[in-house]
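Would you mind keeping the following structure in view while I ask a few things?
Letters A, B, C and D name the chains as they come in the text, with residue numbers starting at 1 for each one.
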């Protein structure tokens, strides 16, 4: 599926760990569409993950960096411009992590130092990225920046914990900075709100399979996967979406507009102790 | 629970059929809080329902009227002002009906004459009510008008059918007319979006019990019932909410802000064929 | 800007009147991207407008039809499949008209027969289009349907009148039918909510210039024009957005996420009688 | 306006500085409605402000505390229960401050230590308050907690700066904790999104007067003031709103549902260099 949508464009992809990562797919698709890119991830992730393999495959330099560290981000933008030969046209922020979840702290027993870390890594890092880029004038006029988010920023999903708050903060930063960067440089800043996706982070988590099942049955077209998300990112990086900014864009098979589907309700009803008749004619009186 | 919140106020309640009706409870509570009221419903509903009983109990005159008929509405406002001795302070619109649902037409096989009827009865009637009232200058400065709606206006619930579209239209009319009536007379116009409620309309419908169960388990504080809704209406009719207008107000135990609760998910997972472990630490990666 | 995004796809474009029309631009771009199409508009519009010119230019057959008439719509889908040689992959609904606005009826003095017409032409026509297509199984699996809307469906713009309600209804139909068509055929149904655009309808209207000015200064990247909208439509018709459905997508330079921009506020403040100092550090206490 | 809506209830009011403060009005109205309360504010605010005066007037003990400090919050809840003789029924969080705004750091030049402080004081403090209360089981079943917010959490207002992000975070915490506290104790957690209000914080800020003017002309019923907000808080603390939770409730004269009013547009148009005709019939074509 090659359309040369990003021909001649330069991009930075943050957060590609392995071939289950959404960022991995985005990197592959970006190059397929004609872009040249650099990859960035934390030093630990670079050591532990397969980023090297991806870098070789895509002929993309890897720039290890802590996205919460302003100096590291300056280095990433500076080196990327040097390597790629000019200002950056697009950036992907696919970064999120909750140490409270890792430590199994429930939401009513948060460790506040860990909450700071959740917010810093998952949301404030996006502000830092944008502020650094703008101060360096590193993104070209009309460029495009995308961060990944989840519908938990709007509605509560049990167990998503302080990541929900981080995503809400991320989406607010998107609007706030999108105003300034749009006004001054025509740079678009948006989030894509993706179906739950079986990445490395997700796959290790108990309960994920049931959430995926529920989400799949609720979504009329089914869950969007990492490939679908990569396609959406390409579209948002391209020149075909130059006036779209400060938006939260759902890529979720329709989940976000659903209250209850017949498929999910059948499953739910199966779980009710006493079997009851069901049909498609529920009405609220 | 008497607080004299509506002392000296005059109101019209549309849509009280029997003691399961939300409008019935609102009428009772309004009188309890010191208001004097009239009741209106369709001639058929007045004949078939228990409105008479309510009228006697509350010492409220009953004005049979078709809410889709402008002349009937003029009569209701005119007579109500005469009976109650002055301009009207509050109005409840609790009117909705889908002949497509009754005829078991699915949403992809609508009869368009019936759709017109659904929209006219359930939504346009509200515009007519407001336009008639404004032309007659029948609502006092700072008065309050409330219509009942459901979250299906925002998210799709299978089987709710063309009522969802009617509710979306109703909520838009609320904003559009709320702007004009607020600007010119300080009259508030709002909708209350209520949990699914076991009224006469609802109780006859198959599938309703499962929806109620799902909604109850999704809502942290549980479904709001007709009494809860009546309390909210009283509050909105009172002088304590004079700057609240053009809003859609959820009275739903938190349902509208939920994506998935642990209680609902347990039930859902019970329905999955193979039992799987579950816990409260789902995270999206 | 040719990317072959619609290569081999068949489409129907409703509503191209002249070269100011958004639908006109969409038709041109669709063909440029490799699609073959038919054009449809009302018989009057076909006679009065320049649709013929467009048809010749794009080698596209013109099918005059009243989009509120089910038989006409059946003809359009039937002939389009015949002419284009297979099922339809994408459809654009760019249809809207308020006889109340034309007759200068204000929103608190609506003619209800005209309101019915506004709703039928601008919103219910979309349901008819979808229902006809689904019954005829005229849209291919994974196809894409887009209707154009405006942010007045969410927020009141004075003078937009009953078109606001029509757009709210249109967006609800998008969700309701999107659920069913997605579930059964993977067909996407979305709306694009466009900046105010100087089309024939808009250009004849007093006050439009000030709204355009306000909207331009509020939107960080400025108003989106018809070309921008055409690009977004192409993207939504393409295979790159297969999981996006039941969404209202803003193409508006950021307007929908703005409360007040410094540029618009400067203009507004100029209009205040007494000059006051201003800066960018307003804060709510 | 005494209705005994809070008779026998115990409350804590955070953030009453002086008689311009919203929290001040809420405290007065709460006592007027029959509640007994304690007041809390930072030690500095207690020294500098008029909290003492209020405490004497309302016979309410003052508990100086830093709301970002868990131990301080434990003290406030512990002492309040002791002083008031039982569990707490309602809590108001009226706390917000941006050191970035104070230091005139623009949003694209934030100091990240100050951003941490903005988030901690204005948003995370609310989580701490709720977590402390829940761990101590300090709020009675069915209790009610309200925090104050602003529409900048949804739409960008130039100059509101990182307070917008803090408010978005605050509203997310409201939903996230509302789920848990509702599920386990029936405790409601909501935000009230208030019109811009001329409090001490606001009054010192340049540009505020123009924002107030714009907001007043956009809002059909005009800006809500501190007294209006106090009334809404009373309603939310009362037993009349027991199923309302996890909501963001606008108290703003309709501003949040407005796109452009005729009154604001007239003012705006005055500011345009060349005078143009205007009328109320703008339509989007």
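Criterion: contacts are C-beta pairs under 8 Å (C-beta built on N, C-alpha and C of every residue); 3 or more make two chains touch, one makes a residue touch a chain.
The model shown is predicted, which means the values in this text are computed figures rather than measured ones.
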{"item": "Winner on C-beta contact pairs when A-D is weighed against B-D", "value": "B-D"}
{"item": "Centroid-based (C-alpha) most distant chain relative to subunit D", "value": "C"}
{"item": "Chain centre separation (subunit A, subunit D; CA means) in Å", "value": "31"}
{"item": "Separation of subunit C from subunit D, taking each centre as the mean of its C-alpha atoms, in whole Å", "value": "39"}
{"item": "Approximate Å spacing (C-alpha centroids) for the pair subunit B, subunit D", "value": "29"}
{"item": "Touching two or more other chains - residues of subunit C", "value": "155-156, 158, 161, 175, 178-181, 246, 257-258, 261-262"}
{"item": "Touching residues (chain side subunit B, partner subunit A) in the complex", "value": "96, 98, 101, 104, 106, 150-152, 154-161, 163, 196-211, 213-214, 257-262, 264-265, 267-272, 276-285"}
{"item": "Subunit A - residues contacting subunit C, complex", "value": "1, 3-5, 175, 178-183, 186, 188, 195, 220-224, 228, 231-232, 234-235, 238-247, 249-254, 256-258, 261-263"}
{"item": "Subunit A-touching residues of subunit D, taken from the complex the two chains share", "value": "70, 107-110, 112, 115-116, 119, 124, 127-128, 130-131, 134-135, 153, 155-156, 158, 161-162, 164-165, 167-169, 171-173, 175-181, 246"}
